[in-house]
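The two complexes that follow have chain A in common; it is paired with chain B in the first and with chain C in the second.
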Partner chain A sequence: MKTILLNEWRIVSRNRWFLFLGISLASMLALSSYLGIQETKSLSNLEREASAHIREQWDNQGAANPHGAAHYGTYLFKPTSSLTGFDEGVNGVVGKTIYLEGHSQNDAQYSEASQSVMATRFGKLRPSLILQLIVPLFLIFMVFSTVRQERESDRIRLLIIQGGDYQGIISGKIIFYWLAGTVFLGISLLVQVLMDTTPLDSGTFLRMLMLFVGYSAFYYIICSLTAFFGANLRKTGTALSIMMAVWIIWGVFLPRITGNLAEQFYELPTRSEFSAQMKEDRSAGVDGHNAEDDKIEAIKDSVLRQYQVASVEELPINFDGILMQTDEEFGNKVWDKHFGNLYQVMDRQKTFVQASSIPNPLQSLQSLSMGLSGTDQKSHTDFMLKVEDYRRQFIKSLNDKHAFGGSKTGDWEWEADQEFFRSMQDFSYQNRSMDELIGATWPDVAILLGWVVGCFFLIKSIRFQL
Partner chain B sequence: MSFIQTLKWEWIQFRRTPFQYLAVLLFVLAAVYSISNGISLREKQLETLAKVESDYLAERSVYEKILESGGTKVESRPWVDLSNPFYGMWNSIVYKLKTPSPMMSLAIGQAEQYGFYKRLTFYTSGYDSDLSAEISNPERIAFGALDLTFCVIFLLPLLLIVLCYPIGGYEEDVKMAPLVQIQGDNYHAWIWKRTSAIGLGASMIVILLIAVPSIFSGAFTRVPYQLFTYYSIVIMVYLWFWIGVISAIISLRLGQTSQTMGLVLVWVVFGMVIPGAVQQGASLKFPNSMLVDYLDAKRIDQGEIYEADFEAVWDSLRVKLPEIEQTKLATQPDSAKIEAAKGSVYRAEVAFHMKEVSENIEAGFQQRNDFIESSYWYNPLMGIQNYLYSLADTDFYAYQEYRVAIQDASLELSKKGCVEEWNDEKVDVNRFRSYFNLVSEK
Partner chain C sequence: MQHYCINMISIQQVNKSFKDKIALDLLSLEIPEGEIFALLGPNGAGKTTTINLLLGFLKPDSGQILVKGVDPFRDSSEARKSIAYIPENVNLYPHLSGIENLNYFSQLAGIDLSNTELEHYLSECGLQKEAFSKHTGSYSKGMRQKVGIAIAYAKKASVILMDEPASGLDPVASKELSQLIRKLAAEGSTILMASHDLFRVKETAHRIGILYQGTLLQTIQADAVTANDLEEIYLETVSQTL
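Entry: the complex of A and B
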């Protein structure tokens, strides 16, 4: 094996064309990793500045009515995960700005993609793009070229006569180019570790390790398949055509088709339908702003009984605050139902895409890569759910202050002091835990491993035909 | 060998090569699927618009009937007085819709990233949350829409590569290239004839792919024929440009493997690497602003305007809206009525300010666009693609125009409302109806 590896190295190092391509790829990877990190840093700074700016507005709003402050609301900016520089995933197309206010759960707005004309159809020049599409193409040509050369020059017969093992030779070549692929991968991850100023925590390290394993598995698949077709098919053109077709179908064709099919099989509502359904369900609940609402009576009776008074005016608290929170809690159930359905449909779409990746391990790799980088749809949903949890706490604090802060029912002029607003906690987002991540990405891992095992046996089945 | 003979031989070669056959089939399937995608997206948008329109027309008719019967009060909202221009305009429920072009079936472009219907009020802006894009799976959006334009710009060159790569390369591998020359043909002309034969076949496929669905979906009759002509011409020029590039690479006589590698490399560089690098550069130079300026304008600037002295706001507004000085209340002051109409002055001032802010935001976007557009000479695939999207009204500029129109319409409403309030106008059913046409809805 060592001899085969050394021999391959000699062949590659003597071929200026391959060397040029290899060095170009390595440089491109290093540069794209560096630029990805720079962009992540710059975005993180902008997010921090924007968050501080908005927080300052909140802190300096002065004394205000808590419910007025709930309408004034605040904004959150989606943080950029440290591995966004590696794989941007959905981050370029989802919004970054979320308005938090009373009575409403809002979506993220102002995506980067909506702020300019289109500049690319395959994403930014991030390491993920190079490692998923360009490095495999390079490996296809390299493996194909070396296997065909052995066949067409008839050197393979000589090697077999001299006691060489055909499978061993092919496996050696596969391992050499697989190692070359992992070197490219290593360069990218190394730049990521060296250039990223945020300390490498165990979670990120584990994610990077899993990325390494996932990409390595894919490179083994691509090298093995190329070697198999290169070694088994009589015509060079046919063998090359198959691998080119595989690359095009896997990388360009299927990801778009399956995504579209998923949306056709599991249809999402239109925004107007979605809003109309929520509005309808919402109208069945308490309207906190409408004192004439019949549904208020039951709540009023229960509060009056609790405080043993005859009218809301006699209450030692502000009944309006309680009403607002009741309104909010009913709204939360409505949002849970509708946004829950929405996320469920998206999850089904994701499962469909993952299942349809069985014939396309590249799609599994793409899904795994986005998941581990914290930039897939599930990470975005997780972020949105945590933002919504925060919004509910945030609004509840304001409503509680309105109810129990010292004002009386009907006193809309009452104001909480600035200190109260300043004391409200900021939102901080923690990425999904490793357990959650494994739960979401295991189908991708299983498909990749299945392919690795399949390819291993495929190579085992190679027989030299004289 | 004549060109007709070359055509015949290429056809025979094609029929005997299952992988080429399969490649064409896949391309056609992808194209047909992408066209059906475009058609269904357009139909879905039209259905949504029809629903939105019927809903708002129904809502509007409720208020129209109140005014027709001589009433001005709305039972469910006792504070509403429809005879007041503010409430009259508010309840005239005016929308601005962006009807999709029939060419969307060929070019979805950026259509899925933007909203296409918006209710107009005095407070409307082109960046409101209800103008968000339709709900869709972000992973699918990140992979990009599959439309005919994508198939033509990215898949067609790959198809041409698959069809052309054996040309010359095979002859080089089996050392038959000198035989071609001995037989009297100029080698380069022989290559050009063979690639042209394939180009001709591909052109026919593409023309059919554009024409057939356009005829059946009725798009031909609904959009000016020039658009289809431009679309088709650009695609044909693009196709033959690739035939030229492929012929040039084949002429280098590299052998089958290196030739294929070279062809695919050119595609990778122009289809992935350069566009990806340009996008990366644009993001670094002009990162997502998260529209903090707009948020500030909505919260801080508006607050400041509403808190400002009326005199100062009046002075500022009369420069921008001189007709306000000729209004009834301005010329014959009535303190009670002026007090009630002051709100409209603040609203109009805010609308002018928001217009200014939106212009600044769009200017910021334009800087990013300029950066991307200046790359078209070395990033031609995206330049051509964006041109095709502009023909279909599905590019960034089509939606920018829509946003600007929304902002202008909001300003128009505020100006009109302000002048009417200051003229102490009362809204009757005819005036109410006139609000429907105040801004063009489509």
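Entry: the complex of A and C
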């Protein structure tokens, strides 16, 4: 095997086309990795600056009415993970800025795609795009060329008679180009490690390691299939056409077909339908700002009983704050119901797409790559859920202050001091843990490994025929 | 007259057909150690099929084939240890030099040679020293054939199978090749060469078999005939079967 690998290296190192294409690809990868990191850094800096600015405004708002502050609200920015530069995933199209306020839950807004015509139309040149589509194409041509040359020049008979085992020769070529693929992958990840100024923590390292394993598995699949068709089919045109068809079907058609089918089978409501349904359900709750609301009476009776007083004016607390929180909690239930359904449908879509990746390991790789980079839909949903948790705590703190901070019912002029606002905790988002990630990505890993095993046996089945 | 004792190649009553076409019809042939046997015949006579059967790439429909006592189809890896093959066109790796090609092919055979040894084999096979380190993409066909013979020589193969080895070579290169083949045989290799070049066959081989439409029509001692006699015998033998 070592002999075959070294010989293959000698041959390609003197092949100007290989060198030209290899160096071009490596440069493109290094450049796209560098640009991705720079953009990630720049976005992170912007987010940090904006967060600090928003926090400063919040801290320096002075004494203010807590419910007024809830209406005033605050902004949160989706943190950019260090691997976003490697695989942007859905990050380009989902929003990054969320406005937090009382009474309503807002969606993330201001995606990059919404502000960039180029990004919307063509997507960005990320290392993942090159590694998922361009590097495999390069490997297909190289493996195909080396395997076919041996057959067509009839050198293969000479090699076999000299003692070379046909399977061994083909396997050697597969391993050589598989290693070449992993070098491209290594370049990209190395640039990521060297250029990223944030220290490489164990979590990110583990993700990068899994990315390496996932992409390596895919390259083995590509090299093996190409070698299999190249070695077994008599006609060169047929063998190459099959691999090109595989590349197009895997890269272009199947992802769109499965995506469309997932949307057909597990339909999501339109934005307007969803808003209308939410609004309708929300209208059944109490209106904290409307003292005439019938539903308020029951709550009032309960509170009066609790404090053993006859009217809200006699209460030692601010009944308005309690109403606001009741209103908020009802809104939360409505949100949980509708968004819970929405996320459930999204989960089903994801499961469907993962399952339908069995005939398409590239789709599994794409799913794994986005998941590990923290840029898939699941990561975004996780972020949105944690933001909602924070919003609930944030608004509850303000409503509780309004209710129990010392003011009386109807006293809308009452103000909490600046220290109270300064004491409120910032939102801090932690990426999904490795356990969660493994739980979400194991079908992708299993499909890729299944293909690797299948390809191994496929190569084992190769026999030389005249 | 040389004396041969052990049959290195033994073909007994072998039949081989491809669909409806009979390629070999009850072919029997024994080639002892150190002999150069030439299979002479036109295109489609069954020469290449015979070589492929001996290389173990084809299975005979019936009959038995043994190379140094081993069935090359059933126990191909064992049989191939003692076989070298020189095709009509020795296709080397064009980006590698003569030395690198010889080194790689020898390594596949499990032989590690020093640079001096590699140069020795190439030199013995008549390759000019200046060509050793040049890419074989720039070699003439004759030079590539010489490297092919060097590969067989370095392997110390006891059986060498050659399929039209002199085809397309100029007279000088062709004569050099004949001398090389003779040299290999003198060192103990058994050689079966397929050819349709009467003159070259007469110059090179010890025995000549006329193969036509899969049948071995006649076997002739090369030193018992002149080239003209051989041509007459060949034409007469072939025309009788038409």
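Here is the rule we use: the second predicted complex is superposed on the first by the 461 of 466 C-alpha atoms of A that agree within 3 Å, B and C clash if a C-alpha of one lies under 4 Å from a C-alpha of the other, contacts with A are read in each partner's own complex, and residues count from 1 in each chain.
Assume contacts are C-beta pairs under 8 Å (C-beta built on N, C-alpha and C of every residue); 3 or more make two chains touch, one makes a residue touch a chain.
As the structure is a computational prediction, the values presented were derived from the model and not from experiment.
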| item | value |
| --- | --- |
| Partner touching more residues of chain A, whether chain B or chain C | B |
| Touched partner set for A:N15, first chain B, second chain C, both or neither | second |
| First, second, both or neither for A:A446, with chain B first and chain C second | neither |
| Which of chain B and chain C A:V309 touches, first, second, both or neither | neither |
| Touching partner for A:N106 - first (chain B), second (chain C), both, neither | first |
| Touching partner for A:I257 - first (chain B), second (chain C), both, neither | first |
| Overlap of chain C and chain B interfaces on chain A (superposed complexes) | none |
| For the chain A and chain B complex, residues of the former touching the latter | 17, 28, 32, 35-36, 38-39, 42-43, 46-47, 50, 53-54, 57, 72, 75, 77, 89-90, 92-97, 99, 106-107, 109-126, 129, 133-134, 137, 141, 144-145, 148, 236-238, 240-242, 244-245, 248-249, 252-253, 255-257, 259-260, 262-263, 268-276, 342, 346, 349-350, 353, 370, 376-377, 380 |
| Of all residues in chain A, those that touch chain C in their complex | 3, 7, 10-11, 14-15, 153-155, 157-165, 464, 466 |
| Residues on chain C engaged by chain A in the complex (per definition of touch) | 52, 55, 57-58, 77, 80-81, 83-85, 87, 89-93, 95-96, 100, 104-110, 135, 148, 151, 155 |
| Residues of chain B touching chain A in the complex | 19-20, 22-23, 26, 30, 33, 37, 44, 48, 51-52, 55, 109-110, 113-115, 117, 127, 129-130, 132-144, 146, 150, 153-155, 158, 161-162, 165-166, 170, 173, 256-258, 260-261, 264, 268, 271-273, 275-280, 282-284, 286-292, 295-296, 299-300, 365, 368-369, 372-373, 375, 379, 382, 385-386, 389, 395-397, 399 |
